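In the two complexes that follow, chain A is the common piece, with chain B as its partner first and chain C second.
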Partner chain A sequence: MASLNLQTLGLRAINAQLNTGDIASGSSWEITEPKGQHAIACGLQADIKVDIRGHVGFYCAGMNQNADVTVHGHAGVGIAENMMSGQVRVTGNASQAAGATAHGGLLVIEGDASSRCGISMKGIDIVVGGSVGHMSAFMAQSGNLVVCGDAGEALGDSIYEARLFVRGKVENLGADCIEKTMTEEHIKTVDDLLKKAGIDGDAKDFKRYGSARQLYNFDIDNADAY
Partner chain B sequence: MCGIVGLYLKNETLRPKLGELFAPMLSEMRSRGPDSAGVAIYRNSVADSETKYSLAHDSSEYDWKAIDTGIESTFKCEARITQIDTHAILVSTLAENDLRSWIAEYHPQVRLVGSGQSLEIFKEVGLPDDVYRRFSLKQAEGSHMIGHTRMATESAVTTAGSHPFATGSDLCLVHNGSLSNHNRLREQLQKEGLHFQTENDTEVAAAYMTWKLRQGLSLHSALEGAIDDLDGFYTFCVGTGDGFAVLRDPIACKHAVMAETDDWVAMATEFRSIATLPDSNNANIWEPKPATVYTWGGQGEVMH
Partner chain C sequence: MTNKAPRTLPRKSATLDDYTLSEIRRAASTGIYDIRGGGAKRQLPHFDDLLFLGASMSRYPLEGYRERCGTEVTLGTRFASKPIQLDIPITIAGMSFGSLSGQAKEALGRGANIAGTSTTTGDGGMTPEERGHSKLLVYQYLPSRYGMNPNDLRKADAIEIVVGQGAKPGGGGMLLGQKISDRVAQMRSLPKGIDQRSACRHPDWTGPDDLEIKILELREITNWEKPIYIKVGGARPYYDTALAVKAGADVIVVDGMQGGTAATQDVFIEHVGQPTLACIRPAVQALKDMDMHRKVQLIVSGGIRNGADVAKAMALGADAVSIGSAALVALGDNHPDLEEEYQQLGTTAGAYDDWHEGLDPAGITTQDPKLAARLDPEVAGRRLANYLKVITLEAQTIARACGKNHVHNLEPDDLVALTVESAAMAGVPLSGTSWIPGQND
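Up next, the complex of A and B:
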């Protein structure tokens, strides 16, 4: 594993190094002394493994494609925002807007996520070991949000076709978000995601929430678009 | 956009290093606020019979000695003044109202920016590192500090518009955000007899806190009242005699992060300020919840 010290090398040099076209597929990298800097390991495209040893600032692992990034600590605003594929894991808590607008991949937050977790998510799977703050999954379009703890106010406000699963208490639901039945298919989805995330839990304990489809112009013929 | 930071030392053996530990915290926030900076430091408590006043003037050449000799001859009470650049710390048995009206009459360009037993406030226009250096804060010893770096949005870049703003005895406030109902609230508070030195929205929040505390409310209750009465975006860090308090508006758009170890508790707009503290890598780190009053101090416990 190659080790990169952010304080010595600087952010741009590290991000450039991880984005070189000929970077070895499957190679492992370690970033030390991140010290809360922003935009660490952004825009990665190769299927590499990156371990960040410490707490990161805003927009870490944003726009990720293929890479497997683990933050060993706390993540600031917008972790894995606009992720396309790959996996991002946070071993501590995460600040606001985790996984915002992300199209794909898996985001695992082992601790709590703050407000607006999964805001405008477009296909990402997010598994939160703890609780999420207010306005989570606001205008969420597609993908799955699994919350092992509680959810704050206005969960799923103005939601489209994303699926929300919460094991604990939901403070209240946002506009056009309703509780829905957990079918075998949904139990399997949650079970698979918990296993992929490495988080213990019985999928049968979760409740499902989603769109009542009264607020936006839903047409069943377009369901495949989500 | 602004940056705010707070540090409270739980481990008393770190107190001689307070200024040194706080310097990089404030410095990290220079990109969020290059216009002006200010800090409140809690140190060197005076006797119960005395009050410590923080005074400021536009010029470091001001004749500060005229103030303590003037007070001694006018009020026949003790007064000692120590100049630090454009500020001066006055310790006196004189009551605040008497001092305020005397200064208004004889030293109208001097601003009373804070008062209490241990609170001292220093604020100036310029980059945070420069402001910190001017007031020799790196060598400062004390129990806790709060600080602010300002990128002005609501009012002019002046020393008077710099934070922290005093809110009562040993209380002051720094703010990241902007209040939308400050004009009307200022008018209401003026009718209640509160005085304003600037057009700044944060000064209104400070005056609101002063007004609530005068009514006998606890700091916690006063901050809970602020959730109902202040409209706009805010993360406040309120310095108190034995720690500090944090409050975010119900929408919580303005960033904030808190961290705690056995030795210290800290809050900042961004974690990179806290990352400079010893053992920050092993700190418990979390984002404060919206519309929730957090009070740190005394034993370093979090109450909310």
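Up next, the complex of A and C:
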């Protein structure tokens, strides 16, 4: 494993190094002393493994493609935002907008995630070991959000076709979000995601939430819901 | 003479005029606010309220067609390693595939290529056709992030972070279900036929401090190559410009309330934001106060129609302008030849603005394959190129008459205003006086 010290090399050099066209597929990298800096390991494209030893700031692993990034610490706003593929793991907690607008891949947050987790998600799978804050999955379009703890206010507000699974208490649901039946297919989905995430849990303990599809086409009599 | 007592003529209310009455009846009947495309239609102080002085005893003009008057502009010189070079200071504004047909997007690209300028994507992402037909393509980074992916980001020649637009500063958007074809739905990761709401705020940043970090991320992902624009609606142009500079923009786009939209509430278009004319001087002042004028480039948009508008924007300090609605007209939008079909839609050529309904007989603001096929991208692209070249030539004509060998050398001293309002907004003297309201009174 090659080790890159962020304080010595600087952000630009490290991101450039991890994005060189000839980087070896399957190679492993370690970033030390991140000290909460922003935009670490963003825009990665290769099938590589990156371990970040410490806390990171905003947009770590943003727009990730193919890479497997682990933050051994806490993450700031927008971890793995707009991720396309690959895997991002946070061993601690994540701030707001984790996995925002992401199209694919797997985001695992072993601790808690703050507000707007999975906002406008477009196909990503997110597994949160702890709880999520308010307005999580706001305008979530597709993908799966699995929350092993509780969910804050207005879960799934204005949700489209994303599927939300929560094991604990939901403070309340947002506009057009309703509880739905857990079928065998959904139990399997949750079970698979928990296994992929390496988080213990019984999929049967989860409840499913999704769109009532009442706001899909404008109706003046729904104006108070907008 | 009869003995009947004379009666006054029937008098309609200036407050409740015919248009207002029709809107009340429409709202009462349909239960939905009026949604339309385009920009503000009300009478506003505009570039027509300014005049150029031309050359005289104190300065000499340049010979038309013989003495050079430059129009080239470089955008993104602050941080980007690959700034954009345009032959003309007129760019094509962001308009989405979805709101526009694929043929219209292709025509915009073809026209811009011939004229030597850039086009811009819109909400919904970049199509391969659009990239293929646009030599210089600016990729819009919008709150919805529909279709947003890093591969397209890297293919772009510049990135425009949209904070707002002139037609609706502070507003999001909604593409109504009837325009959501299979392809549009697929690009936006949403089901076909449903209303697609675009958020009014970005999902992962909220203010200029966060935006500075977002720009860092975008630069890291694109290897610090791409110029990064920040587009704001004409709300608080001085502070918006200053904050955009602080956030790290290479280029700032200020879009006044005449700037068009694909679909927004009429009440929003007509009542929120400021006229384009009122936005330029404060934006330029902010750049000057920060010693960033001409270092961070300023693009002005919203109601640019001809070379005089271009030249006036340049004289007030803009580096370039951007056109949207006028470009669509050049392609064929609202053409009188289609009057019969406009009548069938309950409107008339020149007034058609129900772009959200997808029934555009010109084949421009539609996703209906039959209607879209009416627009020949090559022919329409040529029309756009002709129009761009004409208004460039018009701007050069004015600049030469003012003795300038580049349109960027036009200056406020070349202008006077016809009205007190426009004098105050533009910061130039009222015609026939040395009075600039608010500055030396």
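Keep this in mind: the second predicted complex is superposed on the first by the 216 of 226 C-alpha atoms of A that agree within 3 Å, B and C clash if a C-alpha of one lies under 4 Å from a C-alpha of the other, contacts with A are read in each partner's own complex, and residues count from 1 in each chain.
By our rule, a contact is a pair of C-beta atoms (placed from the backbone, for glycine too) under 8 Å apart; a residue touches a chain by one contact, two chains touch by 3 or more.
Since the structure is predicted, the reported quantities are computational estimates derived from the model, not experimental observations.
Asks: On the A-aligned overlay, A:V77 touches which partner chain: chain B = first, chain C = second, or both, or neither?
Replies: In the superposed model, A:V77 contacts both chain B and chain C.
Asks: For A:Q65, using the defined touch cut-off, is the partner it touches chain B, chain C, both, or neither? Pick first, second, both or neither.
Replies: The second partner, chain C, only.
Asks: Tell me which partner A:G57 touches in the superposition: chain B (first), chain C (second), both or neither.
Replies: So A:G57 meets both chain B and chain C here.
Asks: Identify the partner contact of A:Q96: answer first if only chain B is touched, second if only chain C is, both if each is, neither if none is.
Replies: Both partners, chain B and chain C.
Asks: Would you check which partner chain A:R12 touches, where first means chain B only, second means chain C only, and both and neither mean what they say?
Replies: second
Asks: Is A:N217 contacted by the first partner chain B, the second partner chain C, both or neither?
Replies: After superposing on A, A:N217 lies in contact with chain C but is clear of chain B.
Asks: More residues of chain A are touched by which partner: chain B or chain C?
Replies: C
Asks: Once the shared chain is lined up, is A:G123 touching chain B (first), chain C (second), both, or neither of them?
Replies: The second partner, chain C, only.
Asks: Looking at the overlay, does A:R163 come into contact with chain B only (first), chain C only (second), both, or neither?
Replies: neither
Asks: Which chain A residues are contacted by chain C in one complex and by chain B in the other?
Replies: Of chain A, residues 38, 57-58, 77, 96 contact chain B in one complex and chain C in the other.
Asks: Which residues of chain A touch chain B in the complex?
Replies: Touching chain B from chain A are residues 35-38, 54-58, 73-74, 76-77, 92-93, 95-96, 112, 114-115, 133-134.
Asks: Note which residues of chain C are touching chain A in the complex, please.
Replies: Going by the criterion above, the answer is residues 31-32, 144-145, 148-150, 153, 174, 176-177, 188-191, 194-195, 197, 199, 203-205, 210, 213-214, 216-217, 220-224.
Asks: For a test of understanding, state which residues of chain A touch chain C in their complex under the given definition.
Replies: Counting only chain A, the residues touching chain C are 11-12, 15-16, 19, 38-39, 42-43, 45, 57-59, 62-63, 65, 77-78, 81-82, 84, 96-97, 100-101, 103, 116, 119-120, 122-123, 138-139, 141-142, 158, 160-161, 216-218, 220-221.
Asks: If you look only at chain B, which of its residues touch chain A in the complex?
Replies: Checking each residue of chain B against chain A gives 252, 255, 257, 270-276, 280-281, 285-287, 289-290.
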